[in-house]
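One structure, pasted below without further comment.
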Amino acid sequence: MSHLVKENVQVKDTLIVEEVQSAVRPLLEIKNLSKSFTGVQALNDVSLQIQQGEIRALLGENGAGKSTLIKVLTGVYPRDGGEILLDGSLINASDSGHAQRLGISTVYQEVNLIPTMSVMENLTLQHQEKTFGLISWKKAEIRARELLAQVGLEIDPLRQLDTYSIAIQQLVAIARALSTQAKMLILDEPTASLDSDEIKQLFDLMERLKSEGLGIIFVTHFLDQVYSITDSITVLRNGECIGTFKTAELTRSDLVSHMVGKSLEDLAPTAHDHSIKRERTELLQLNNVGKQRYLQPLDLSIAAGEIVGVAGLLGSGRTELCELAYGSVKPDQGEVTLGKHSLTKSSLRRAIQVGMGYCPEDRKQDGIVAELSVRENMILALQASKGWWSPISMAEQQNLVEEMIHRLAIKTPDMDKPIGELSGGNQQKVILARWLITHPALLILDEPTRGIDIGAHHEIIQIIKELCEQGMGLLVASSELEELVMFAHRVVVMKDHHKVSELHGDEVSEQAILRTIAS
Amino acid sequence: ADLTIGFSQIGSESGWRTSETESIKAEAERRGYDLKFSDAQQKQENQIKAVRSFIAQGVDGILLAPVVETGWDQVLKEAQRAKIPVVLIDRGVAADPSLYLTKVASDFKEEGSLAASWLAAKTNGRCNIVELQGSVGSSAAIDRKTGFDSIISNFPNMTIIRSQSGSFTRAGGKEVMESFLKAEGGAKNICALFAHNDDMALGAILAMKEAGVKPTKDILVVSIDAVPDIFKAMADGEANATIELNPHLGGPAFDAILASKKGTKVDKWIKANGPLYLPDTAAAEYAKRK
Amino acid sequence: MKKNNFLHKHQKTLAPLLSLVLIILVTASITPGFLSIKIVDGHLFGSLLDILHRATPTALVALGMAVVIGTRGIDLSVGAVIAISGAVTAVLTVNTDFPVWLVVLCALGTGVVCGLWNGILVSVFNIQPIVATLILMVAGRGIAQMITEGQIVTFHSDVLDAIGNGYFLAFPIRVWIAIGMIVLTVLVMRKTALGLFIEAVGANVRASRLVGIEARLLVLSAYVFSGFCAAMSGIILAADIRGADANNAGLWLELDAILAVVLAGASLAGGRIYLLLTIVGVLIIQTLTTAILTSGLPAQYNLVVKATIILAVLLIQSPKTRQWLSGFFSKNKNAGKSSAGEASTDKRSAKP
Amino acid sequence: MINERNLPILATLLVFIMLYGFGMYQYQGFRDTLVFSNLLTDNAFLIITAIGMTFVILSGGIDLSVGSMIAFIGVLMAYLISNTGMHPLFAIGIALVVGVAFGAAMGVIIAFFEIQAFIVTLAGMFLFRGLAYLINLDAVPIDHPFIAGLYDIYVPLPGRGGLTFIAMAMLVLLALGILIARRTRFGMSVYALGGDSHSAALLGVPVKKTIIKIYALSGFYSAMSGVIFAIYTGSAYPLAAVGVELDAIAAVVIGGTLLTGGVGYVFGTFLGGMIQGIIQTLITFDGSLNSWWTKLAVGGLLLFFILLQKGIVVWVKKRSAS
């Protein structure tokens, strides 16, 4: 995104819909909302209106202020100025619980549930039904099962939440938001790690709620989803409201120009050649690697300059495959080698030294170190492989970090800001950058583009391709088939924790993958 | 007679306490008794637990060195119900005397007044005293202070100009004495130090020497317990007087239990007061105790 | 505006320093001569020097504690380790004719062994730090007593005397030792990547492991370091009174050390640690203690006064107080504009 | 299959039973019910304190002030009863109110000033002990027939043992604690806070209110423990219960609660307290250890049980895995 200079696209003329709707009293009205953090104006004079039975997309680049708008709306952050009206009356939620009682139900970005509590307890927290003043867990369990059924989950509600994958946790969070009687439902990137089936289920639900008269705010970075479910779109850029549009009346290219201030052509996916040109030199080899009750033994090899995608449904074992390949979970059978190094028993540090890299799926738990700064987070892996006694000089650190911030267009006032204060997508970029600067021979990416905006998405795919042209091997697990098809030379399809098939070269297509999964 | 005796000791917070434990153990061994020893680590609740355990075990007699004077009524009643005689060691309790057999102890108040009397005689009733108290709230500290104050209140020219807690430890004694010397601008205004135990006095002596103050010459030093090291200090001319707290209480205590078994009447207080020692006998005493 | 920015940027540093200065000034106004420093026998002399002198053992312990707290741990056993190393020092000096350097080495070695023990329990057996170190806290004094046989073992050694109470270049030798140790630690933590790793492990172990930091080893070393520091402090404390008091040496020192680390702004939930500010924290606590002792207050008031002042310092230092105050003052000028420092409301999992 | 969340507590129970079995095997006197009822009575105040502490630790906090609170409440009660001639019931009522108020005050500081619980309650620890000194430096008996009467309430068991009032009060408070923890919204909020306080806030848990309530509850339980301790000893002593905070924390943690918060059970705390009591009882029954060996034994046994408990958990997990 380095070459991206923000040209101010003229948008005022498309400014819209409010007149059409002003006849009815809006369900939610936000007037001139502002919010600043130290060094950042996250929201600047934002106004918007939402009607009953309307699904509104809230779009913008990473760090545009979407999550902040939602948090100010629900009282998690106090606002600097502005008014919020719900059903015509001024509201001023003091915290998230208060917002819930006022009728605004929210799924925040990142999974914000309690990992140490059971699914049932998470679902019913603060809403448990009581008999004789005491919580009745029987009723709670029944209720929990109902809610899970709504989002199509068949899991044991009595098990601890963190035994489930991040995608399941996401669905649980959505189920929870549906459990309260609400006038407004807000979903901040709920689909970031969901598969098409789950997404469809979610959309059906949203349609139903819409017909019941709820207003819905929906944040996502997937334009397909925007066009298939939303009625209208509000675009934020740098904390400012660029405008509100009817979805049907806004072309994709216009939408993207509004979001990034630049035209779509630059971002169009380049056609991808599924064959590798160079001589095949094997890099990563898994020989009959497996672990009981975790992953069925499988073989896999990745050559230099090759990108292998991992596809499969929710819980099919993609993450497990990545973990075994990387070595953060040790297999109980089989052998892992990287080049000529056997890594079956060696430490992670050694694996990294001989050229492994792994960008995990759960960025909050496994990725960021929230208290540390962007710079420290980014150099952590490189420094760890060098060891503590040979520190990277401050100047070098700054160079590396500066370059990455520039290249991935990471939005942060300075590199010493704690990473926890960055927007979700920007955190993800930092974690990616962490591995890119180690120049690994083989990089494993589990859902690398979760929550990343389209501009950066494009840039990251470019980088992945570049890296692989330079000879890096990549193993990429993703639930976005479109993305996989765009860059993978080969796709491994997983199902029920074992490898069902491998698609090569021209076999790689979305339809083929879906067919394999379904078979 | 092969008696089983339970002994609930406070803990091992000082060298003196350890000597007492050792002395009682040695005495039991000499007599061929089975001594069940329990260290309460300074906690009354642990002592109560220990006594109740002794009752559950059905011992023949219990020695109790109470960490505090109150709070024993219930457990003593239980012992009485189980017909187990209890002998209090080294201090009394505030319970009905019928609940225990006897106490073998010295009198903290008397120790305090003895120290004060000696000081009054030595200085003709004219002295600015600094006082190192024991742990705040402990009965030894409270009673020694009361005893000391009761005597000096008769002497209008004897005043305690500074008083702080040194927690019965050497380090505490040293640190507090340092601050006394700083606050009083040296030894000019201080005539004597009264420490609630020898360890604090020994710490304070170090502090004086480091500040260039000569103990016994610039400041008189009187303390209580008579641990070996204080005799060495006296012999070296660094302390003036100490009052012995007798650690050899096992003999009389066991005798009392035996007597009660035979049905003989036992006095309610077997006094075990120690004398005041002065530098003249210090060298000999030190040799004896080392 | 510029000045405000400076204040804002360094508020974390300034708060403890300010508290320290305040306490010293208040004490000085109550106790005449508190601030005076004279030269006696070629070395400095005065209450302020006493504070430095007395603060050294706590400072050393707090240094180790800070590192352990950085890894999201805690070390309750430091008091016991002080007792053990003191006992070793005394008994070896009295009963053997080891040269002093060997005695000191042995004592430090016991500290390292104790730290290793804690570290193994925490990082290999995964026992929660507070319980793992509680075990040595209880048993350690027993070990120390076993070594001294329950008596205070007094010893005499010129070198140890010097360590305890000697002077060098007008300052107490032990203060020099502490300064050396602090400088060394700060250098190692900040000039190598060790500090970064420790903070990363403390803040998020899972993420740290995944980037290849050997968290186990690191945590283990933190406890070893803490044991080493405690042993050093134990030697100084024994040298100070020329005797090893197994029962009382370093009693409750762990609380003071933890208090200092936290006063410096570290969180017991791991993450950022501030070594130099920890020393300021130690000085705050020691000044308070010395001030109470010199003030002539009756002994039973000590605790109430100490508690009240600590609470006051905490409240003054709390960013919230500052926020409210500045909110209160700016309200009159421009209403509605919310105050700075907002971001802290969203501290991730700000566990108490 | 055993639910993995209950595993630590079952392991603790097993350890307790093994220990008790060992005592019965080794010592004649141990087989009497008296030993068990002594365990209940003697450890009542520790367990009561530890129940309050469980809530604090579950929420990810810590409360170091409980030991001092016990002493302070005792001294306050004694003062009210002997110096004002108040009926003990009123005195107990006032003492409990004061305990709750002080606990809540610490909670307010922790919640609103965002100062770490460790130091706020450490200051509380100094403060309460100091206040106790100010009320009364000396140990004083509480001479009142009502207090003595409470102590004498007794339900005999077969053998020499029996349930004392103190033991029964502890069991009632235990049941209350279990109910609060698992069957009230407040209890679930406590777990949520300890699991992830940031998420808890976003889920609508009233964080500040809950924190204040937690420390008030801990204040209530430690004040209650102070009352029980006063009944137990029939006296008040400003130096009572020194270091009980650490024993209570140990009881909670041995009972399977994670110090990082979010995971654990009140009943585990009861077992943890009983295990600590039984360690002491065993040492006393043995009676041959000197002071330093006693300390080593307490530490060593503690370690042994923690490792045993861990071992059991790991073993069961392995078994159920294959």
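Each chain carries a letter (A, B, C and D) given by its place in the written order, and its residues are counted from 1.
Heads up, the rule we're going with is that a residue touches a chain if its C-beta (ideal position, glycine included) is under 8 Å from a C-beta of that chain, and two chains touch if they have at least 3 such contacts.
Note that the structure is a prediction, hence the values are computed from the model and not measured.
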Farthest-lying chain, centroid of Cα atoms versus that of subunit A: B
Whole-Å gap between the CA centroids of subunit A and subunit B: 71
Distance from the mean Cα position of subunit C to that of subunit A, given in whole angstrom: 43
Euclidean distance of C-alpha centroids - subunit B vs subunit D, Å: 33
Set of subunit B residues in contact with two or more other chains: 12, 18, 21, 136-137
Numbers and ranges of subunit A residues touching at least 2 other chains: 76
Junction residues of subunit D - those touching two or more other chains: 133, 137, 194, 196, 198-199, 261, 291-292, 294-295
Those chain pairs that satisfy the touch definition: A-C, A-D, B-C, B-D, C-D
Contact footprint of subunit A on subunit C as seen in their complex: 8, 191-194, 196-197, 199-200, 203-204, 206-214, 271-272, 336-338, 340-343, 345-349
Residues on subunit A engaged by subunit D in the complex (per definition of touch): 76, 95-97, 99-100, 106, 108, 111-118, 121-122, 125-126, 128, 134-135, 158, 160, 176, 292-293
Sites on subunit D touched by subunit B in the complex: 27, 29-30, 32, 34-35, 38, 41-42, 45-46, 133, 137-141, 148, 151, 160, 229, 232-243, 277, 280-281, 283-285, 287-292, 294-295
Subunit D to subunit A touching residues, read off their complex: 3-5, 179, 182-185, 188-189, 191-192, 194-196, 198-207, 261-263, 321-322
Contact footprint of subunit D on subunit B as seen in their complex: 6, 9, 11-12, 18, 21, 25, 35-39, 41-46, 48-50, 52-58, 68-74, 94-95, 135-139, 142
